[in-house]
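Each chain gets a letter, A, B, C and D, in the order it is written, and its residues are counted from 1.
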Amino acid sequence: MEKILIKQYKKPKLSNSILIGGLPGIGNVGKIAADYIIEKLKMQKLADIFSQYLPPQVFVSEEGLTHLVRNSIYYKKLPGRRDMLILVGDFQGTTQEGQYEMTYNILELLRKFDLSLVYTLGGYSTGRIVENPRVLGAVTDLTLLDSLKGNGVVFPKGEPGGGIVGSAGIMLGLAKELFDIDGACLMGETSGYFADPRGAMEVIKILAALLGFTIDLKDIEERSKQLEQLTGKVQEDIQNRAQKKDDLGYFG
Amino acid sequence: MEKILIKQYKKPKLSNSILIGGLPGIGNVGKIAADYIIEKLKMQKLADIFSQYLPPQVFVSEEGLTHLVRNSIYYKKLPGRRDMLILVGDFQGTTQEGQYEMTYNILELLRKFDLSLVYTLGGYSTGRIVENPRVLGAVTDLTLLDSLKGNGVVFPKGEPGGGIVGSAGIMLGLAKELFDIDGACLMGETSGYFADPRGAMEVIKILAALLGFTIDLKDIEERSKQLEQLTGKVQEDIQNRAQKKDDLGYFG
Amino acid sequence: MEKILIKQYKKPKLSNSILIGGLPGIGNVGKIAADYIIEKLKMQKLADIFSQYLPPQVFVSEEGLTHLVRNSIYYKKLPGRRDMLILVGDFQGTTQEGQYEMTYNILELLRKFDLSLVYTLGGYSTGRIVENPRVLGAVTDLTLLDSLKGNGVVFPKGEPGGGIVGSAGIMLGLAKELFDIDGACLMGETSGYFADPRGAMEVIKILAALLGFTIDLKDIEERSKQLEQLTGKVQEDIQNRAQKKDDLGYFG
Amino acid sequence: MEKILIKQYKKPKLSNSILIGGLPGIGNVGKIAADYIIEKLKMQKLADIFSQYLPPQVFVSEEGLTHLVRNSIYYKKLPGRRDMLILVGDFQGTTQEGQYEMTYNILELLRKFDLSLVYTLGGYSTGRIVENPRVLGAVTDLTLLDSLKGNGVVFPKGEPGGGIVGSAGIMLGLAKELFDIDGACLMGETSGYFADPRGAMEVIKILAALLGFTIDLKDIEERSKQLEQLTGKVQEDIQNRAQKKDDLGYFG
């Protein structure tokens, strides 16, 4: 079989389209943001991508229905001068080769839809719970800095230190070097300990500003609050315990 | 060499054939069930499949005869309106790519034999010894639910939680998405600690009902009883020891 | 580059040739035996095989000369009705795919030299030092049993239990199933703890009998004795220590 | 996508060119030396090499600019009868196949530039801090020994014991066996605990002598001194602590 199999369902005429890459990753920030936009903007499915680079696995729904793991691309024609594509999926390619091949084939496919810019989404792990998550950026060309900074993206010196590994990084790299398409990575801060709607919401806000769409944030705000209450409790517990441990510190 | 090498021995005319996938897995439930049906129904070998996706290994029989590890397909023309194919083997493909390629190539081969439905067999690990193992199901299309439920397959909400990994999952996924062939997975409950004829027997019963063949279950019942006595003893031992430990709990 | 690169140096006319496979393995029994025969019978090099399936490594000689790791094939025309080929090398293929591909390509090459039988050599790990190592066998066809038994090979029931993994196994399997060439595996008993000339010597004796060549065993006998003295001491030490530990057993 | 993608920027006419391989490795000795020569001799970039054999990763600069990981080749026409090529990069190929393929493709490319000799650079790990690091050598042909010894390279018997693994080894092996091009490996001694400019400087000196170029060593001397002060302190600390521990040895 072919290593990557694309089932394309639609042939929309898109122009000046922007791809948003939202595969699973740190704190699932990118995936949560992408899934949310697809749902709220009622985006259309363009294609499913099946591949040997994904685990040999089906998910099973509550009713017992199987779902072969995949990546999917959705699209929406925006009123402005730009159309939008979103990549989501159950997994990233599981090997180094898979990362390159999946990304390359997706860019190759989307080039037919006048792909002109790529935003990849990711989480930036802080290792602790963040009250007001920032959105960090990285760009393939320094001319992109101004518009991103103007919309709230920050570029702290030396962050992210180790670079960007996986789909969010390689997609920018291949788009730039092999397709001559620029792009940026938007990384929402997250503790990295659980799926984090809070960082995802900040990323959505910035995407809405950058692409000029409006989106109802009520549901994701709700989910963020629920999580905050939960993690707030956890934090309290941790502090309480730390407190106690401190009191008894001389016991070892 | 080709990555997958099929030696086809027969060219039977089959119609409306159903493939039963019984490769090794959890509790070897699928393999035990498939091997038993092949033996008791005196099925004919259609093909051997050798592959780089299997370990580089030969087994050695008691007399000293080598056997290159493989997958094999058997067939039987059934009196009703459906014929039967069974996939068995020494191993599943050992890599992600191997899982996809082996499955794809087998489906590609069997399409020539009018493949119309796939049942994959597996074990559903309970982590404890089960008195009356259920057979859980998952389907590629909800229209299959009724006939399965009517024959005793259960679909408890949220089980299996993590989906179905390996041959039993990917075969359904690829059959559905790439060959437009529906199917179901039948998972016999098993502790998961040893090769389990008990769960296999329940799966066989359901297959016999679904496909309309009769099969002598005496031997597998015998093996199940022997195992029950063995595990019964083990369980007793465990309980006795737990008991003692409890009695002496204050010792640490 | 091609995954396997064969540099063939000679084009001898061989007939009815027997391949002896002696790649590194348990106790290096096969490699020691094969290297010894090549040296003592002054065999000619037929080909070097370089491959991505071997480690990316050069060895460096005492003078500082590099040697790219490889497999090599040697040949010798024997006076009788059979000629001899020997496969040796620095490593076996390091992956599953590598095991299959290396073996297949070597058989494909040697078919041109009228390959008619394969003996693969290996070690059979006993986990303890063996006074008089036996040579165990496994065959691709039961008609080979008699001549092997007549020359001292033993076929104890249920040994080797887990089959034969790696080059010594897969070469028999592929020769049989894909090239219709029979063969046998000869496994010299060895502790498995160090490179073992003792087991290798027993394998050489049997090969000499089977193929009808004479070979000077003085050097390998010498090496075996040296090793025996060494391991004898080690064993004595172990026993002495075990003795002492026993004497003081009540201390814990 | 192709597994290795070469973006060639220049088409210089080079003759009798010598390739210096300086990819990351032990103590980063080779990479530091190669990067330093490229910078100080203001060498021109010939090509970038992107590949699936490198991690799926972009680095991010202090300003936030992404850089897709790669290997790069630089060149300089030297006044003498030999021109110079240098291979540097962010990573070596990460798999065995990657090591062979990257190396082969680079040699294949550079053959067009009249490649006639290869020096690969590496570190030779001593496990302790070395006052005056030697440069050890290994050659593909013993006729190269004299010129290397004459320029200060040493060939101690039995070093390096395990051979040369990775790019520095395989490049010599493939150049010799597949391209009939000779070469040598130059290994600067290094503790192996950190990126080590000291060993790199010794390698640079020898390359300058061998190829007949002059180079300003001030900056790397400076970096070496800084590191020496740092490691000197660390060593002192270690000795002090060892001293104390010795004094109190009877405490355990």
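By our rule, contacts are C-beta pairs under 8 Å (C-beta built on N, C-alpha and C of every residue); 3 or more make two chains touch, one makes a residue touch a chain.
Keep in mind the model is a prediction, meaning the values are calculated, not measured.
Student: What rotation angle, rounded to the nearest 5 degrees, superposes the C-alpha atoms of subunit B onto those of its identical copy subunit C?
Tutor: 90
Student: Measuring from the mean C-alpha position of subunit A to the mean C-alpha position of subunit B, what distance in angstrom results?
Tutor: Result: the chain centres lie 38 Å from each other.
Student: Using mean CA coordinates as chain centres, what's the gap between subunit A and subunit C in Å?
Tutor: Comparing mean C-alpha positions, subunit C is 54 Å from subunit A.
Student: Two or more other chains touching the same residue: where does that happen in subunit A?
Tutor: none
Student: If every chain is a node and each touching pair gets an edge, what shape is that graph: line, ring, star, complete or other?
Tutor: The chain contacts form a single closed ring, each chain touching exactly two others.
Student: Using the touch definition from the top, list the residues of subunit A that touch subunit D in their complex.
Tutor: Contact set of subunit A toward subunit D: 93, 96-97, 99-101, 103-105, 137-142, 145, 155, 157-160, 163-167, 169-170, 172-174, 176-178, 185.
Student: Sort out for me which residues of subunit A touch subunit B in the complex.
Tutor: Touching subunit B from subunit A are residues 1, 3, 5, 7, 48, 50, 52-60, 62-69, 94-95.
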